[in-house]
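Presented below are the structures under discussion, each in the form of structure tokens.
Shared between the two complexes below is subunit A, which pairs with subunit B and subunit C, respectively.
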Partner chain A sequence: MELYEGGCELKLLETLEGHSDRVWSLAWNPVTAAAGTPLVFASCSGDKTVRIWENTPSHSASWTCKAVLEDTHTRTVRSCAWSPSGKLLATASFDATTAIWENVGGDYECVSTLEGHENEVKSVSWNASGTLLATCGRDKSVWIWELQPGNEFECVSVLQGHTQDVKMVQWHPSTDVLFSCSYDNTIKVWAGDDDDWQCVQTLGEPNSGHSSTVWALSFNASGDKMVTCSDDLTLKIWETDNIQMHSGDGYAPWRHLCTLTGYHDRSIFSVHWSSEGIIASGAADDAIRFFVENRDGLVDGPTYKLLLKKEKAHDMDINSIQWSSGEKRLLASASDDGTIKIWELASLCMENGH
Partner chain B sequence: MVFELINANPVVYEKKERRARSAPSDYSDEYAAEPIDQQEVFDHVRDIKDPEHPYSLEELKVITEDAIEVDDMQSYVRVTFTPTVEHCSMATIIGLCLRVKLLRSLPSRYKVDIRVAPGSHASEASVNKQLNDKERVAAALENPNLVDMVDECLAPSYG
Partner chain C sequence: MEDIFESSLHLEETHFEEGYSDGYKHGLVIGKEEAQQVGLRVGFEAGEELGFYRGCIEVWNFAIRVDQTRFSDRIQKMIKQMEELVEKYPVFDPESESVQELMEALRLKFRAISATLGMKLEYNGYPKMGQDPKEMGF
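So, the complex of A and B:
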């Protein structure tokens, strides 16, 4: 971990304007930048549109808006997610629908619209194989959809269980286990197959869970840990037994590992665990924070420490922060101020050979 | 369909006198923004009309100057309001009106918390949680009926 020995800084690479209302969420296209191919991400906004941004590495590392997906959603677009193949983009809206877009030679066409939620859809997530989609919303339910031939989707399950507004859904990175987090302060774990899905675990206050709305969750690269962020101003790290998880049952219980408290002053809206193990958080105090595992000291089990805090990263609340899927420590943040910022977490001392 | 007023006979209080703002002294920088203070925030909200009655939030003592906490250096405001009755279902509407008026009146750097006065409402925690959930507020403000209601309450406060 040479990076941390010499210290690091967060460099602002570019500020992207274009949306005419707050930017709620963004998602990097997972098809990582091979030599010469551009990095792409999608952003969605209160202005009812989705924008696709591209960066061509061979040019002056500058980002351009390649497409504006409009005239489809009739209300705020809250969340977006690329399929694992990078070919489809799902967008979830307050208009109670989820739209599926396909990139047809540079133009994005809406190829399908998923209806069913009673009111605002808040989040959408693809499973690792791209065969299943999950959505959730203010109607307290979580829906699982199966991809059919011709980009059609069939609803295979409507999961009730949360007692309030469901804020986010996220599939586990390597198994078909679904996680949801809610205004009811809990995280629920859902497992099953075909049309038979059940809530197999609820992480609430009795399990050292959060004491207010849980806004987001993110898994580490190996999928045996997850981090959740909340209106209760804490981040919580949870862990599971990886071996048991990958054995026949495909599900193992999660337990609380530690709570990061005292670092945030206002609601934490977004958290993302990088492939290298750096946790980034975006909060309502306009700041970005980075946490890493603390290898020093003699403690039982892993603890986490603050690596860096960037105050006033934006002029208003940060709603979403996402590491890119590429190699460089690149990340993007989206804010109520209507902008998206591209950052690089760089080491202060020069690394040999780079 | 006739609705029963939740509180048909509210107590109406006298309005506080409006103090004229003192003119800045000659030697101070006339272009410097004056720090936002309690009185200024109160002036933004005092004339908001109660959703049910033709009286302002000030006249009904739903909002008082003392119940506003301001820290301009930290760009922070907290408004505590007292609904006229304990199970007032208008509490969320009043809270929403306060939030919208301050959103439109204060610089965008401001962080605003709205809450009901402790002990003044039967569902205090639930109301406070809703009023401070930014996503819920955003979705509510996309409802045209709700926006009309809020705008009607805010109309007298723009004077």
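So, the complex of A and C:
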């Protein structure tokens, strides 16, 4: 963590064009960047397509679009997520369906279509083992699906509880507990026993929660902390008791840890916690910000400080920002301006000999 | 002497009471008529929806008997759960507090089952879950 003592900078590696409308979201394939396989990520857009991008090994700074997944969704594709095995890609669309794609020798085939939501599907997420898929949408419901042999899906549960549009769903990184955040300003935690899923906790204003739409949430590597971002211009850090969570009861309550205010003056649409502990945020003011835990000071309990702010990272609102899982501090950002940018967070000077 | 003036002194009050009494009697009649209409309509709607679900369940159960292997354990369990909900619905007690809850639960189960079976079946009588025309999609 002392790597940034000398300061750091955000280097723009490449700007990727191709989508003909705003880019809503992107997702790094979790199994690439291991042992020489090139980095791959997917992006989805208002142009109704999904694009697969690959880092060409011969030119380390060069990305090419390997595939365009089109003629399937009939409206904006709002979100995409790779299964943990990297073999399947789920895409959520305003056309009320979620499509499942499989990479068959370089070509992506749509192997399944999940229908059920009444209107726009906003987000999709795989659990850690790749057996469950969650979707959410404007119809205020959260659906849980189970993967069956032959890439079929069975609906396990339809969860009602949010009183408004649900913006994002995200599974906990190590337990089968589902989190959702909504236009109703709350974050809900869902846990299930067999097929009986219930909302076990709601993080709202009475729990020091957000006072406006919560757009996204992200977990730290160990899964005992979570960061959420909102229209209320703040980031909130939440924590839980990891030991209790893994003890077999499956669920431990979350509590507010701290709020980062005064750093953003426009809505924060995306937030992602890197495996090293750097929180990246993408906002409506076209800027990317990085936050890290503040180790100095005698405050009891951790606080967070702004590490770096990159203004005018894009020409328009940033909709999504995602760290890659590789060794280098690479991240990708997607914007209303129709482009995707690949960045590297580099230290300005050498490591401090630690 | 006072009796003659008594009635004219309380003229406003007398007329008020007369009007009130007339209006009340009229209201009782109209109210009862309207309540009957509403009751018939709501009862019909609930009955129609409930009947629709019972019909679906019967067909599904028949299909399961014909070929059980085509339906996973989970689906069979869900259909059973839906059947229980239909049985539990208080048809003869419309003022019971559980009617709203049971109907919501039935609708959810129905959607989960139809989504898994891949059917585009929809009951056209009830209001949609997320209906709010003021909301935009982001």
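Note that in this section the second predicted complex is superposed on the first by the 342 of 354 C-alpha atoms of A that agree within 3 Å, B and C clash if a C-alpha of one lies under 4 Å from a C-alpha of the other, contacts with A are read in each partner's own complex, and residues count from 1 in each chain.
Convention: contacts are C-beta pairs under 8 Å (C-beta built on N, C-alpha and C of every residue); 3 or more make two chains touch, one makes a residue touch a chain.
These numbers come from a predicted model, not from an experiment.
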item	value
First, second, both or neither for A:161, with subunit B first and subunit C second	neither
Subunit B versus subunit C as contact partner of A:284, first or second or both or neither	first
Contacts of A:120 with subunit B and subunit C, given as first, second, both or neither	both
Partner chain(s) touched by A:266 [first = subunit B, second = subunit C, both, neither]	first
First, second, both or neither for A:212, with subunit B first and subunit C second	first
Partner chain in contact with A:18 - subunit B first, subunit C second, else both or neither	neither
Partner chain in contact with A:195 - subunit B first, subunit C second, else both or neither	second
Subunit B versus subunit C as contact partner of A:94, first or second or both or neither	both
Partner chain(s) touched by A:141 [first = subunit B, second = subunit C, both, neither]	second
Contacts on subunit A seen with subunit B and repeated with subunit C across the two complexes	76, 94, 119-120, 138, 165, 183
Complex interface listing, subunit C residues touching subunit A	72, 74-75, 77, 104, 108, 111-116, 118, 120, 128-130, 135, 137
Subunit A contact footprint on subunit B (complex, rising order)	108-109, 111, 129, 132-136, 138-139, 142
Residues on subunit A engaged by subunit C in the complex (per definition of touch)	76, 94, 114-116, 118-120, 137-141, 143, 146, 148, 153-158, 160, 164-165, 183, 195
Of subunit A, residues touching subunit B in the complex	22, 46, 75-76, 78, 94, 119-120, 122, 138, 165, 167, 183, 212-213, 231, 266-267, 284-285, 315-317, 337
